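So, here come the structures, one by one.
Shared chain: chain A. Partners: chain B in the first complex, chain C in the second.
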Partner chain A sequence: MVDPSTERTTAQPAATSSKVVLKATDLTKSYRVPGGYVRAVRGISVELKSGRTLAIVGESGCGKSTLARLLVGLELPDSGITTKSSLIPMVFQDSLGSLHPRRRVRQLIVEPILIRDRLIRMTPEIETLAADLARRVGLPIEYLDSFAHELSGGQRQRVNIARALSLDPSVILLDEPVSALDVSIQAQILNLLVDLQNQKSLAIVFISHDLSVVRHLAHDVQVLYLGQVVEEGPVEKVLREPLHPYTAALLASDPALPAGPTASVGEPPSPYEVLPGCAYAKRCSFAESICSQNIPKLEKITNQKTPSLTQADAESRAVACFVVQRSQREGHENAIAPG
Partner chain B sequence: MLMRAGRFFINEPLVGLAVTILIAMSFLGLFAAWLAPYGPAQTFEGAYSLPPFFLDGYDDRFLLGTDDVGRDVLSRLMHGARVSLLAGLSVAVLSISIGVCLGAVAGWRGGLTEAAILRTMDTMMALPSILLAIVVVTILGPSLVNAVIAASVTAIPGVVRVVRAAIAEEKRKPYALSSKLYGASGPRIVILDLMPNITAPILVQATLGFGDGILNVAALGFLGLGARPPMAEWGTMLADARAFVESQPWLVTAPGLCILAVILSFNLLGDSLRDRFDPKLRSRRGLT
Partner chain C sequence: MRRVSSSKLEIRNLAIRFGRGTPVRNAEILIEPGQSLGVVGESGSGKSLTSLAIMGLLPEHAEVTGEILWNGQDLLKVSANVRRELRGREIAMIFQDPMSSLNPSFTVGFQIDEVLKLRLGMREASARRERGLQLLAEVGIPAPHERWSAYPHQLSGGMSQRVSIAMALAGEPELLIADEPTTALDVTVQMQILELLSSLKKSHGMSLMFVTHDLAVASRVCDDIVVFYAGRTVERASASQLLSRPRHPYTKALLRARPQPGDPARTRLNVIEGIVPRASEDIQGCVFASRCESVFDRCRSEIPSRFVTSNAPNQFASCFLIDPTGEKK
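Let's turn to the complex of A and B:
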């Protein structure tokens, strides 16, 4: 959780005509397990422009980490296409485990360069580069001779971010990068990410379950539920006026916010199950008969009548919910709005 | 460094003793040519089957007595130490190099490659190791070198299994995933990233393999499938002296005790290293 007063460092308006640096269409991924398949990712599309931060949020087990691995290419999707402008470095939650235990920081930072140039030892030019990168992520030079286990969690994550930046990528992906850190350190790392983004119009994919962190950092958000996107749009809209009941429930469960009226009931269904309808129907207090019969598709909000949303805002939003889609078509108020 | 070594000897006196024995044996073996009073095959006419110093009829030229053809037992033991330790070292090096390669390939590749390698190792382990060694020597012909090869073959499966398990565990850690993500090749990740982190189990295997190697080479020597007479080798010495077990028991006792001491030392050292590197195992066994 992050102090909302630091929120001002975020939400820099991104350049309007920025190019798409990462585009993934209809990714799916299943894992074979004893007794069947786990459908971890069930048709997710992602588009990211340079200088933007896309947050992917959801409960544990919703397919966030699988999606991350598909996007960076650590795993191949069963179907779907990923187009990316360059290699996408990934920063893991486990800041210690993602750094080689027997290498010094100076080498850890530039590992991608050593790999690319097929080098085993450091050269003087690469040494200079390592020092530059350390400076960029605010890591004091004296730590260059340390080993990962000698650093604090925040410093280690700075090393990981420096390593991710070493090849000068246009996109980086961070999988829960701050959830293992102290709150005060979280804010420092998030501010660092915002600064880095503003310097080089870096695009960031940010995977998190922490909505206050997402609100602090991201421009756009995709809400995942059981391997599917249930809602997407600009962060300040989606997290302020959620359209999908699940997004509303997720917000209501955030202890940093006043409790809302629409908390989810029960556990998420098992990813083994093949449900005929909406994956959220069983937990949803707005569910109708159609919800357990057909699977709702992610659709743009076109005929937006909710007074607080402008037409432009509405067009950037999409939601996968029969109840919301119908009420939008019919021009009602937000179907799931409290009261 | 000296302080740490000193504390180690006090905390673990048995392991300290084992290390001392191994260092002493290596020293005696390595410098046998200068330290031993006589050559290993040198015979003394009229000095047949003399007893060692603590028995009547002892000749003070021969501290541990002489064998049935008049060779000095002490000199033969010292030269034998060189042969046995070198054989053990060769077995350790050979089995570790082949075992690490196979284990790393199996652990990294997974799937069918892994299954094929592991099933082959299982088959090898299903045979008693000495039987497997006899088969190998029978194919290659009896000699010290072939005995070393045979002992190495029997040691490979243990190494493969340990290395495969360690590699399979390490390759899932995020640092290995990172290297993969940045485009590092499989060999680069295995050799530069993973290997430095799995040296501990390999070291344990090497230590235990060293001892087993000496034992197996000696056993093959005893069976007449290893070192050929008159080469001084502990197993061969045992075999030569077998006929005199009742009349001159010291002839089998001396090489037997040497083998026992060295194998016991290696096993103590290996177990201690394993406890040191695997704290879970240590607590389970109630050691500190």
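Let's turn to the complex of A and C:
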């Protein structure tokens, strides 16, 4: 992750040695609609190192899926640069819809290889590869001859993950991969993702609205609101001691956590809206007059006096909120902490 | 403010069959007047079919046995006319997808007006409009006058769900069945709808049956939670008991499969080995025996009855581990 204003070379101290496998700077994307534009992504920067998982969270319409499509290259950004160390395959929420209904699992898994090598038929080597991939994702070999509709939701998602791994990428992107699965199946897929990451230091971009899953799986998180990152940093910090009022509201809405006092009011905004100030100001209980006039920039937490933040935490966290930024400058604790 | 509901729902030994499949094998549900009960289970566990059976909305070829007692009257034995009278008037239901439970060709106002006219027999159009607007305001719709003439597609998911709640409330039901009402919504909106349902339940004195796959969500709105597995109700406890001290091995496994807020990240989650038995399978013993970690011989041959787990009424777990007299091996 990169702050748009100042380039940063060191991130989490533990990960300084690992290499950057995906980097995007200041991506924007608008779509033309009758009567104007939808500004789906409004200047987002992403940086991901090998062996790490970046979660992107936010409500519907916040631009998560557009950002995903920009990162993998399904869409071209209006502006901004993406550099990646390999092709980024994508796994979708709809496990059935993303598999060809008339191909067998063995063909589905290695389809990217067939396309890359311009092959029409499976070769013995590719057959072996299909079996290896199935084994890696915990799919029993006897399913290689099945069709997608014969598999359960969890098994289908394993096929999708195997296919994503077939070209041996250094990054994969998963868009809500477990949201449609039952809890006990979710656990299997989450375990699989952790294993895959440990084996080959795979980097993962994980798009989700489920904070419990994000807390479990991800190292870093970016919180999106109306096409912008409002807060980013290590998961254990952002999702435990949120700085931005919107992150706090999301957490207060998490049914797995005890009821919080800062639950959100109002509905997620429409991406059609053009606002002069902070997109969250309308729903924010801390909003001041400046919030509806200027757009806050994503800035690193620079204040070193804040007792609850260590130096390393402060360096890796960034927040786009005037109220928080001012209180950090003035050396206060957490502007939005209850009480 | 209305009186507290005096109606009681008691489902005994409910089974629902379609041809050779039995998706609901044996459901027991008791909802005391004014109580909120969470009905939790994974997909295919029979929770939604059970709620459709209460409403009398199952397809005709479904074979239903057992009893659904509404104030002592067995709904499975009464005429279609009597059921129609109850539906919407005494028992109302809201669904997961608010967009498809509203008619896209009519305005919000028209659809609420229809309920008031047909279900409550309100004759005067002006009185209906007044009551309708009052209902929209009550479910938290800003500017109800403007929304009255809006079409469903002009509303967000959260707003449509509020409208369908208003329609359900229009008949002043004694029991509201909510089938996954927040699953399609964003988390912040989900929490708002959960809070709305809790407060409406109190202010209207209704009973609430809240069907969901999410134990955490159910614990936010419900007094008690009953857990379905493979068409059987396997455990019932108060919401806090169920989350902190589950008794049935399935409930325990389900809770351990979800990442918990305090757990260290990226540790292995509990996986429930095996698969849910098919609806067509004939099961001699406990439905969970094929996947249970603590299974012993008796579990495969005999169906565990509902062993009492607490001094509080109606709390049980169907598991021989809880049988006070039986052997545990």
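Just so we're on the same page, the second predicted complex is superposed on the first by the 320 of 339 C-alpha atoms of A that agree within 3 Å, B and C clash if a C-alpha of one lies under 4 Å from a C-alpha of the other, contacts with A are read in each partner's own complex, and residues count from 1 in each chain.
The working rule: contacts are C-beta pairs under 8 Å (C-beta built on N, C-alpha and C of every residue); 3 or more make two chains touch, one makes a residue touch a chain.
Values in this document were obtained by computation on a predicted structure and should not be read as measured data.
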Superposed on chain A, are chain B and chain C clashing or fitting side by side? fit
Between chain B (first) and chain C (second), which does A:Glu111 come into contact with in this model arrangement: first, second, both, or neither? first
Based on the superposed arrangement, let me know which partner A:Gly227 touches: chain B (first), chain C (second), both, or neither? neither
So in the superposed three-chain picture, is A:Met90 touching just chain B, just chain C, both, or none of them (first/second/both/neither)? first
By residue count, is chain A touched more by chain B or by chain C? C
So in the superposed three-chain picture, is A:Pro169 touching just chain B, just chain C, both, or none of them (first/second/both/neither)? neither
Touching A:Gly80, do we find chain B (first), chain C (second), both, or neither? neither
After the superposition, pull out the minimum Cα separation from chain B to chain C in whole angstrom, please. 17
Under the contact rule defined above, give the chain A residues that sit at the interface with chain B and also at the interface with chain C. none
Show me the residue ranges of chain C that touch chain A in the complex, using the header's touch definition. 42-43, 156-159, 186-192, 194-195, 213-214, 216-217, 219-220, 253-254, 257-261, 263, 265-266, 268-272, 275
Which stretch or stretches of chain A touch chain C in the complex? 59-60, 152, 182-184, 186-188, 190-191, 194, 209, 211-213, 215-219, 235-236, 249-250, 252-257, 259, 263-265, 267-268
Inside the complex, what are the residues of chain B that reach chain A? 173-175, 177-184, 188, 192-193, 196-197
If we count contacts the way the header does, which residues on chain A are in touch with chain B in the complex? 72-74, 87, 89-90, 92, 94, 97-102, 111-112, 115-116, 120, 163, 167
